[in-house]
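Order of writing sets the labels: A, B and C. Residues in every chain begin at 1.
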Amino acid sequence: MVENVNSAAPPMMQWATDLFPIHRSLTGEGVRETLAYIEHLLPLTVHEVSTGTKAFDWTVPKEWVIREAYVEDAAGNRVIDICNSNLHVLQYSKPFWNRVMRAELDAHLYSLPYQHNAIPYVTSYYKEQWGFCISHRQRQALPDGEYVVKIDSELKDGHITYGELVIPGQEQTEVLLSTNICHPSMANNELSGPVVVTALAQWLASEPRRHTYRILFLPETIGALTYLAVNRPEFVFQGQHRLLGREIIAGYQVVCCGDERTYSYLPSRKGNTLADRAAIKALRGANIYHGANTPDCTIYSYLDRGSDERQWCAPGIDLPVGSIMRSKYDTYPEYHTSLDDLSLISQKGLEGSLAVYKRAIEIIEANRTYKVTTLGEPQLGKRGLYPTESTKDTWAKVQDILNLLAYADGTNDLIAISDIIGVDVMSCAKIAETLREHGLLESK
Amino acid sequence: MVENVNSAAPPMMQWATDLFPIHRSLTGEGVRETLAYIEHLLPLTVHEVSTGTKAFDWTVPKEWVIREAYVEDAAGNRVIDICNSNLHVLQYSKPFWNRVMRAELDAHLYSLPYQHNAIPYVTSYYKEQWGFCISHRQRQALPDGEYVVKIDSELKDGHITYGELVIPGQEQTEVLLSTNICHPSMANNELSGPVVVTALAQWLASEPRRHTYRILFLPETIGALTYLAVNRPEFVFQGQHRLLGREIIAGYQVVCCGDERTYSYLPSRKGNTLADRAAIKALRGANIYHGANTPDCTIYSYLDRGSDERQWCAPGIDLPVGSIMRSKYDTYPEYHTSLDDLSLISQKGLEGSLAVYKRAIEIIEANRTYKVTTLGEPQLGKRGLYPTESTKDTWAKVQDILNLLAYADGTNDLIAISDIIGVDVMSCAKIAETLREHGLLESK
Amino acid sequence: MVENVNSAAPPMMQWATDLFPIHRSLTGEGVRETLAYIEHLLPLTVHEVSTGTKAFDWTVPKEWVIREAYVEDAAGNRVIDICNSNLHVLQYSKPFWNRVMRAELDAHLYSLPYQHNAIPYVTSYYKEQWGFCISHRQRQALPDGEYVVKIDSELKDGHITYGELVIPGQEQTEVLLSTNICHPSMANNELSGPVVVTALAQWLASEPRRHTYRILFLPETIGALTYLAVNRPEFVFQGQHRLLGREIIAGYQVVCCGDERTYSYLPSRKGNTLADRAAIKALRGANIYHGANTPDCTIYSYLDRGSDERQWCAPGIDLPVGSIMRSKYDTYPEYHTSLDDLSLISQKGLEGSLAVYKRAIEIIEANRTYKVTTLGEPQLGKRGLYPTESTKDTWAKVQDILNLLAYADGTNDLIAISDIIGVDVMSCAKIAETLREHGLLESK
């Protein structure tokens, strides 16, 4: 599935390339521009929530405007300039325009001693300061002397902006897909998430679905909290896995899914939710191998979390949200630096993630709890489901059917039956559908 | 226990030898003749249920009469004849009498390419056709030319026939023992089951028992379903392990228990029922070893099932029925062929199975949940249960008693206590009975 | 913690040395003298319960007085004399004064063939007889001839005597600490228990505690049973872990805790009670190592029990009582012989046990079940709990806080959270207290 790149797959790599240069941050024009691009691909609703709005323990911050940010040396050369990389400015820097000596400048520089060539990605959303992020090599080479620093930024009352798309399904159950749009020019973390979610949403909308899909493009942390807080009237949590109006049966925080390295999974806080079970089946069931000695998938612990599952899974919210990823944030060397650029991800890498997410969703759509309608084994033969001659060899052929019937007792869903009888869950779903058509199973 | 063949053991091998030639099938005279033989050994009640009777999803089939079945070559030699082996005819063959060419005949032949000398056992209960089963060696040697085929059979409205024996016990609890009487001349599968059950029933009837024993000699599948369906008014299932009138606390489907190879156990669908726990104790507790490198017992999964536990354990019926076997059906090379003859089984093999079944039943009879009657440890010394001098060495001698008392808290039955304290369950039962006599335990 | 002997630690070794020569038995002056010594260290209440009082299945025995016990040879030499070791007399010997021949004397001698030099400790509380305990070497050397045996003892109506101290706490929950005072001159089993409990009680009384501590100095078995029986009106057990007035949340039977060999733990009958969980944390969390290849602690099974947990944990009483020990009774060669003398224990060994018990109690005092007060993650930054700049490196620093918050959902206590997040339980308690002060956690 992964190896056969679908020629009809959406041009996710192109979307990522188009979105890469936009100067996104937690709030502001970069986020709006990004959502506007996605609106051409999906019928998004864009919401704006005012600065100062309470979101549980948090408050929607001021909106950040960044027009110019550079450092000039005494000769007037712009030695640092966000025109070259929008990682160069400390995110949420306050405005600053002055001459500074090399030593004073240095106190406002961020670099990585052990990654000489990487510009780090640094933010200061909640403390007003100014700064520049540069490669350590450049920092060490900056000569003494006077510099002109200019940061033409503004922190003003404005909004936080996010996109939402609800694709209605046939039943009163909902699946949540969430991704982040607050990162500036980085590719795996995070343009891979928005482009895979966009492709997933197009696919979900292409035919009728059993469940409703709620798709969110959010600034990280405060975006998720704001979403939960402002939707609270109709979106209050009633214990585990439930919203007031709908049951969220599963969800995924889609991040870091663009490179071609190993797959990985970060489970929900409670673990063993439908999201977790479907994801593991999707990852293990597919032909996802990278060579004889490479495991097909790294399974992390919820202790390794670091994206918006921190909010979705928090106590009292308790949504069943995990993350299917390629190289997980915080585990690959290019993470949160300028090295996480477009060369790190690929159409093939994105399509692999898309395929696994599709498969997880197909499993969620197909998963049902069935109960056999007969007492005793049904007579398969009269329905053409059993070979008419019984020999040593023919018995094996109906074993899967009989095993599924044996465990379809109204307590095991198909994922559980798949585990018990050792048959792929989608094959179980096909068998179950055939048996349902013959009146031998009923869905509970 | 296995090695010491009991000289007083019933002549099971003789019974098997007497029953072997009878031409049994799902219905008909062979079944009646078999039950008539067993009636000389046990006070069976023989039941007949009419063709066409509904049994849940199934219908009692027509009764099959087979008078003659042979193939003559052009020279008038009977090259195939059920007089030589009653496996030669496809079970439930329709009548046929005609000349056929070698090629046409071949379309009606069944043989096993990889077992040259074996006549396979093939049935076609639910599709009307005709055929012969022969060794592959013979099939390959049959010359071209014309043959006379005669099958003088009849499919007529009649009955399905089964035997039942209820041995009443002292309490309102019941144990089910079921075996099959529908196989023609094969020994391990299946004459071993009926003869071991017959011996078990004689032993059960020989002294008062705590539980009632319901013993069934049934044609496989349709026999079990029919039994359940026709007895439904007083035999309806009320959830797990319960009949309307009585609680079935355990049961065994007795099959494939005549050879001297390893023991095996097939657990009930739910597993860990009393039937399963007693069987495992019986198999592991006995001195059942076959040499240094042979495991004493193979434990199968319910996925490996294949006899009437398929009906007893089906969802909604949910009886706690497992199978203690020697060489399990479908796992030994002679299975369902003419090679499964009397040479495959032995009196010693049958007695081993009988001994394990007796031990399982003794465990079920002895198993109780006790509660200690004192607060704090009882004073064993004043009852003569404790050495009067306390030294380093004497403590160990009363450990088993004290350990049993420590866990006899009204929640653990003796099998559970045996597992906890590491003492054989029948030894636990002896200790418990002594303590009960001293007023220190009460049965719940 | 073990290696750094606290210079302010109480002089437990001195107490043990003072108490060693006293001739203790199940009842009588030795017990009273021992309790009188402890009364100088703790405000004990001493209780006496009359001979003949019923204690569940037992009866308080007569009080034993022992004035003289010796054996003289024909030359008038006292070859055995309790003046030399008070183990020499069979505990609870009846009075005897007569001439006996060597052979008759031998029937009343107790010795250990495989421990030539050890005088065994033997009791006969519940059968009236007389005897002497001597080393096997001495027994073999005793020449033929006539001896004068004198045991000036008395079994009279009297009392059983025990000490009790209740240190009130702030909440309606109680911790039980129990130890034995019935053993004559043996050091690890049993003077280590009383002196460690005495030191623990002094420490507990030195500052306010959350829980009440009930501290008992009891003769073994009958002492515990008597305590339970006579306190029944206000001390009746209401199922698991509950007394009528108070909830016993944890308890320890303090025995065999004076030598410097490995630590060990004997869990409560139910296992996994708060007593067990705190003890394991205390033993595993401390720097308790004895070299590279020595495990820090041996964990026994309740099947290995042998002290008053037999009564505290009995069905229907069901108190959550375990034992933190050094060399467990019945496992070290000197056990229950004259070799278990003061040389076997040390101030360092006693202080190690004291330290582990203190740590277990600190864990019990600190352990609470918290619930986070916010929906979604709280904003740590505005409370100074989060670094204001987010880089690759700073995230790790707040992981422990965030992990604790993630699992503080009102179902996990701190011990459980410690296991989940891999942070020492006392560190968890410190984090939780900080978060509670900031209003982010509430105790349930």
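Throughout what follows, a residue touches a chain if its C-beta (ideal position, glycine included) is under 8 Å from a C-beta of that chain, and two chains touch if they have at least 3 such contacts.
Given the structure is predicted, the values throughout are model-derived calculations rather than measurements.
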Quiz prompt | Same or different residue numbers at the chain A/chain B copy interface, by half rule | solution = different
Self-check item: Fitted rotation between chain A and its twin chain C in degrees, CA, nearest 5
Solution: 120
Quiz item: When the centre of a chain is set as the mean of its C-alpha atoms, what distance in Å lies between chain A and chain B?
Solution: 55
Exercise. Provide the list of chain A residues touching at least two other chains, using ranges where the numbers run on.
Key: none
Quiz item: What does chain B use to touch chain C in their complex?
Solution: 371-372, 374-379, 381-382, 388-392, 395, 399, 402-403, 405-410, 420-422
Quiz item: Okay, in this complex, where on chain B does chain A touch?
Solution: 55-58, 90, 110, 112, 120, 122-127, 129, 221, 224-225, 228-229, 237, 269, 302-303, 305-306, 310-311, 313-317, 330, 335-336
